[in-house]
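First chain written, first letter: the chains are A, B, C, D and E, and each begins at residue 1.
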Amino acid sequence: MAVDPDLQETMRRAGVHVTSFEQLIDWGRSNSLWPLQFGLACCAIEMIAATMARYDMARFGAEVFRPSPRQADLMIVAGTVTKKMAPQVVRLYNQMAEPKYVIAMGACAISGGPFKEGYNVLKGIDRFVPVDIVIPGCPPRPEALLDGLMALQTKIRQEKLLGPNRARHASASIPGDVPVPIFGPHDLEPSANRAIWNPPTIPRKPDVA
Amino acid sequence: MSAAPKWIPPGIGLLQGLAVTGKNFIGSFFRADRMTTVQYPEERVTLSPNSRNIPFLVFDGGDPDTGLRCVACGICEKECPPQCIYIVLDRDENGKSLKRPKVFDIDASVCMNCGICAEVCPFDSIFMDQEYELSSADRFKGLLFDKATLAKSATYHAKIRPLEAAAVAERKRAEEAKRAAAQAAKEAKAKADAAKKAEAPPTISNARPAGGSASPPDLSPTRSGQESDPPKSTQPTAPEEAP
Amino acid sequence: MSAPVDSLSQPRFVAGDNGDRLLQVSLGPQHPSTHGVFRMNVDLDGETVVRLKPVFGYLHRNHEKIAESATYLGSIPYTDRLDYICSLTNNWAYALAVEKLAGIEVPERAEYLRIITAELTRLINHTAFAGFILGDMGAWGSALMYAFREREKILDLFEDLTGARMMCNYMRFGGCRCDTPEGWVDRAKKVVAEYPAFLDELEQLLLGNEILLARTRDVGALPAATLLDGGITGPLLRAAGCAYDVRKVDGYGLYSRFKFRVPLGGHGDCYDRIMIRFLEMRESLAILREALDTLPAGPVINPKVKVRAFKPPVGEAYARIEGPKGELGFYLVSDGSPRPYRYRVRPPSFINLTLLEDMCLGRDLADVVVILGSIDIVLGEVDR
Amino acid sequence: MSPASAPTFLETLPLLPQRLIGDALRSLGIPEAFAAAAETAVAAIIVFSLFAGMFALLSLIERKVLARVQNRPGPNRVGPCGILQPVADGIKMLTKEDVVPVSADRLLHFLAPVLIVIPSILALGVLPYGREWVPVPATLGLLFFFAVGAMTELSIFLAGWASGSKFPLLGAMRAIAQMVSYELPLILSATAVVMLSGTLSLPEIVEKQGGWTLGFLPAWNLFTPWGLVAGSIFFIAGIAEANRCPFDLPEGESEIVAGHMTEYSGFKYALFFMGEYLGLFALSSLGITLFLGGWQAPLPGLGFVPSYVWFFLKLAVVIFLFLWIRATFPRVRMDQLMRFAWMFLIPVALLNLPSAAVWHYAGGGLMGWLACGPFLVLPYLALTIHFNRKLAQSTRTYRFAE
Amino acid sequence: MNPEPAVILEQIRAAVPAARPVLLRNPGPAGQDSILLDTASAQDVFRFLKTAPGLEFDLLSNLTGTDWPEPATAHSVGVPPEIPPPPAQGFLEVVCHLYSTLRREGPLVVRMRTADRAEGAHLPTLTPVYRSAEFQEREVFDLFGVVFEGHPDLRRILMWDEFHDFPMRRDYVAPDDYEYEPTPHEAVWERAKEHYAVPDGTSETGAPAPPQSLGLADEAACEAACSPLREERDRLSPNPPASDREVTP
């Protein structure tokens, strides 16, 4: 029973701000995203530069970088996730309190980036952790990170807390925890979390377009 | 530094530190160099013309499909360090190359913005774009840029990189001039042969048909791009002789 | 299956050598002041460190394996990502090694541009170091913000010259990729002219502060001989009094043309390491002023060198430069093919951590954080 | 002392709801005990809602002041120049999942944040905000304040110990050591004030600071030699009690992740946040009451301004001092913290008591300053000698090799 | 500035006769010739190089490994003078670059080679002589598999402890996770081939065909294909609903 937009618009012009309870919660959550203090590689330096004086992520309410995963609600995976680091990243994701969001910042976090041929590099964190927003670039400019943060904020504002396609954290069926991979003799076991990672197949053959 | 160790009253260092932060606090209200924030969505940092992010393909004229400069030679595909370019050459029905890419995909989620593809391209057909707002919710569809999204007009290139576009245009003009001159020289020579043949006795029947079948325009790249680039040998990753 | 409650969560007690119980804490890969994904397994008796074992590898991105299957030109953008704060000095070290491997000369203007960009990178690194070490000590924010405010000015210069803020990919074998855009040299002169005023302000905020004096004096001090034996180079070694600067020793590039001094410390503790870096910044400014004034005209790259399909002759070479963190070396073995047979990076951050345990034994947990900060490591270079 | 004329309407404005409700209940024939209880309840609600609002405001102001120091505007997109930022933080904190670690002791884990907020609110009750406005007029206000204030140490230790993992454990150990050793100088510096004002009741202490010396200087305790020493000791110990930088070791962010608060998420963490700020308000209010003349006006001619305005102005100045220090100083190490408290603050605080006595018998004024002079100079000289001797080569010389 | 390995070779031969040092000429323009040592007495030679009055090589700047499966390429890079024909099988090599900070002398390149690339990959450790070798030797052990006898703490340094292979060797094959490769060509295409369905629906190696290929263009097809996946994911998720979590490490 959300408020229908044109009524809301006319009321707003008359100075009365009408909103639904759901929109209020989403507005509150989107404007107070506290990132986890968790930088991996070069993108972490650009993330720090985004919080510095020139780009100032604090304007979006995302200034408080909490070192403990308990108090953070946004995990910005900034940098290369190696296979040795993957279990720690997944454990950190599990320890974050719901509702939690993940931004994959930079080519390495999305798909392994320039280092995807490496034997110790995980080809993208979305093999183990559900990712909300991806920001390409190597490293993406601080403005690109702010653009990704604003994209996440608009996504949170449209989240539904009830109904069929409700938000991930609101539906009891989707588990908040993600199984933590274990170190195997040659690779992580399992090498990807099939419940989360299901890529489309692209028709690729040298002479078949 | 005076010989005897100068006695420093304690607390002075703390006050000096407070003075610095105080000066910055007061200054942030009045002086521009103490309030350096560029409020991103409203104000933007003016990018330098050299700035580079994800590459784009240039096309002359209006229609991206026909005007694309790229001839699918695959040099950028081989030279790209993270190997994030995928080119399939367009062939007509009987397999003759149309010197045009049928598929030209760049995986933006792997590209490392290094600019080597633009540096090694002999045809000035790929340059580095300055567009950085590419964040998306979906990794698979959102970040695999195909030929349509990559193609941008030469005027766009001139807008973001005036000097480089001017240099490319000037080079192209020089090429055109050289080709035209070569063309003119060829016609002149053909005319001269025809004239000489006319005076010479008509006994020798010249097998070559009359001038006019000028040699097809030489499309080989004028800028000396080395062709003899060995394919990336598969030796390091999957060698045959296992110990 | 969410992992069972493993022993990681319980406070784990380890038997100390004299029988008492030590609390084993892992200043884990995710920790506010380990400058990235670096982990230290620390055994604490109360708050004093009894045993400290560093754990590496969380950012091992297999740079050397990828370089073996890439061309020489293709590895240059990867060197930007080694020590991702100082990309241009990495480029220069790699280009120097390949030039020594293939015997390539570099024109004069390119040498000047290399010195200018390397010294600007040294400024960035030492300024960011000052910001981070004050953050490790607890004043999170102010010093780091002022440091990054100046760093942004230099990053604008790099973006103008090379096209990227952090990943410049600027050096090529035999020179630099492109010449300076018009007006760049004047902008660089202006930034260099304004820098000393900022350094004075940062010193006033930082170096007189009694709390900082108390936190850094006589913390993590080791004699120069021990440091040398541990392979430690760079500002750490000079803070202990050993005059060893690769710019003076090897005299690579055209450093011999510039008058600059090498500051030496007396005690080798954290305070000296901070002071040495501040004095080095002033020396870099002197070099920059001189180099920018006498920048000669001329070609920026040696025309005889092929950009693609570059095949150096068979042989091997080891070349090194004085990176902001220490001696950064590249060891290349070429078997005549366009791909290096062996590609090894001599990482100053990784080797400077050899004596981390010796510096931290018997000190507090808070000191471990400051000592690690004073060594100034970057994980891209430590784990390669 | 302004003549005891009838207090102006503005003066009694904060007491209006309390009195209206009291009279209404009495007119309804409710027995006096219940009516009085209702009055104090209303007073308590007013004070708590006032300080809760100021807590929300301060969480925004702290971020904006820190931002201004760091050349950036701070949160300014949520509502006009960031006003609604605390509202957004509050909503997010309320809707956050409350994670209780498996290895934690559930009851204590829940109890700790509650125990940190209660004492701060209780302590706020006894402070005299205005000439008329004393929520709970207690004759032993100061004693009550310190008795209740001691509970915050317990709750921080409880939080650290009950969380069950390593970093909170370290945070808890640090908290106990720091808070106990800084409670002493806090109380000793307050005893100097009690000695001279002869009473434990806070409103009377403020009244005694009325009047002017030399015509325009207010007779606050700070402008006396012993008051200067006691005030600065109280301020430094107050920073340590409120766990503010440079003494924020229990929550040593760069060393032990988030200290005792590592295992708290959602609203429990917000309670810790609130507890810390309310503790800050309480300590700085007490400091103002003891040394800066509570609601006394700074200049003679300002009688028309209601008294509580001065109180909150001084509170704003003291809080700004806290923020300014937080933006500048690094953190002290644990042993330095302890050595500073036991070797310097406590001896100087003890030395300050005879200095107060000398001031009293020297009759104050110029003679008092001369008599108390040595008590002032002696500790500073000792600190200078110690500071320069221990860090002997404080000015180090550096060689340069060619 | 660059030391003459030939001169130093004679001094080593005089001081430590058992070492049998050999001068390997560097054909490249760098001109950094190297000394090949016999592994048995390596520590004594390094101790001599460090302490001898005229040498004082006190900084072991760089210690790294190289994998030579074919000895021929090794001998093309470091040309031995007139050594008997190269040994039959390949070997692992450790290269050290020594510097003298007092005499400001350039890199002295010293090499040590293992017997073979399998069981015989043993070398004496240099940690007692140069402390800087500790971490670098652990890295060579981790990535190349050279066991350094006498090393105080020989563990893997970069890879996780349960890892078995030695990844920097030339014959190491990385595990196969080429399922989603949007831009495969040449070597990557060889490895990604089995994941891509040939037009008739089954993949070449008979592995179960992944969900039918989703044309990127049509949105509806993608949605229709994804919904069964979502139900399967809900059914598949093994772990219980979010109860209590572990604790921060």
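Before moving on, here are some points about what is shown:
Convention: contacts are C-beta pairs under 8 Å (C-beta built on N, C-alpha and C of every residue); 3 or more make two chains touch, one makes a residue touch a chain.
All values derive from a computational prediction rather than experimental measurement.
Looking at chain A and chain B, the chains that touch each of them are C, D, E.
When you average the Cα atoms of each chain and compare centres, the chain farthest from chain E turns out to be D.
Summarising the inter-chain layout, the chain whose CA centre lies farthest from the centre of chain A is D.
Among the chains present, the centre nearest to the common Cα mean is that of C. Work out the mean CA point of chain A and of chain E, and you get 35 Å between them.
Between chain B and chain D, the centres computed from C-alpha atoms are 62 Å apart. In whole angstrom, the spacing between the mean C-alpha positions of chain D and chain E is 60. In chain B, the positions touching at least two other chains are 8, 10, 14, 17, 20-21, 24, 36-37, 39, 81, 83, 86, 107, 110, 112-113, 140, 144, 232, 236-237. Residue positions of chain A with contacts to 2 or more other chains are 52-54, 56, 59, 67-70, 84, 88, 91, 94-95, 98, 114, 117-120, 138, 141, 176-177, 179, 199-200, 202, 204, 206. Shared contact sites, meaning residues of chain C that touch two or more other chains, fall at 1-3, 5, 9, 28, 31-32, 57, 60, 62, 65, 69, 77-78, 142, 145-146, 149, 152, 167, 205, 209-213, 383.
Those residues of chain A that touch chain C in the complex are listed here as 36-42, 44-46, 48-49, 52-54, 67, 69, 79-80, 82, 84-85, 88, 91-92, 94, 108, 114-115, 117-121, 138-139, 141, 177, 179-180. Residue ranges on chain C touching chain B, taken from their complex, read 68-71, 73-78, 142, 146, 149, 152, 156, 159-164, 167, 169, 177-178, 181, 201, 204-213, 306-309, 337-339.
Contacts from chain E toward chain B in the complex involve residues 69, 89-90, 117-118, 170-171, 173-174, 180, 182-188, 190-191, 216, 222.
Considering their complex, residues 24-25, 27-29, 31-32, 34, 52-53, 56, 58-61, 63-64, 66-68, 70-71, 73, 95, 97-99, 169, 176 of chain A touch chain D.
Per the touch definition, chain E reaches chain C in the complex via residues 1, 26-30, 32, 58-62, 64, 66-67, 73, 76-78, 95, 97, 101, 104, 106-107, 109, 130-136, 156-160, 167-168, 187, 238-240, 245-249.
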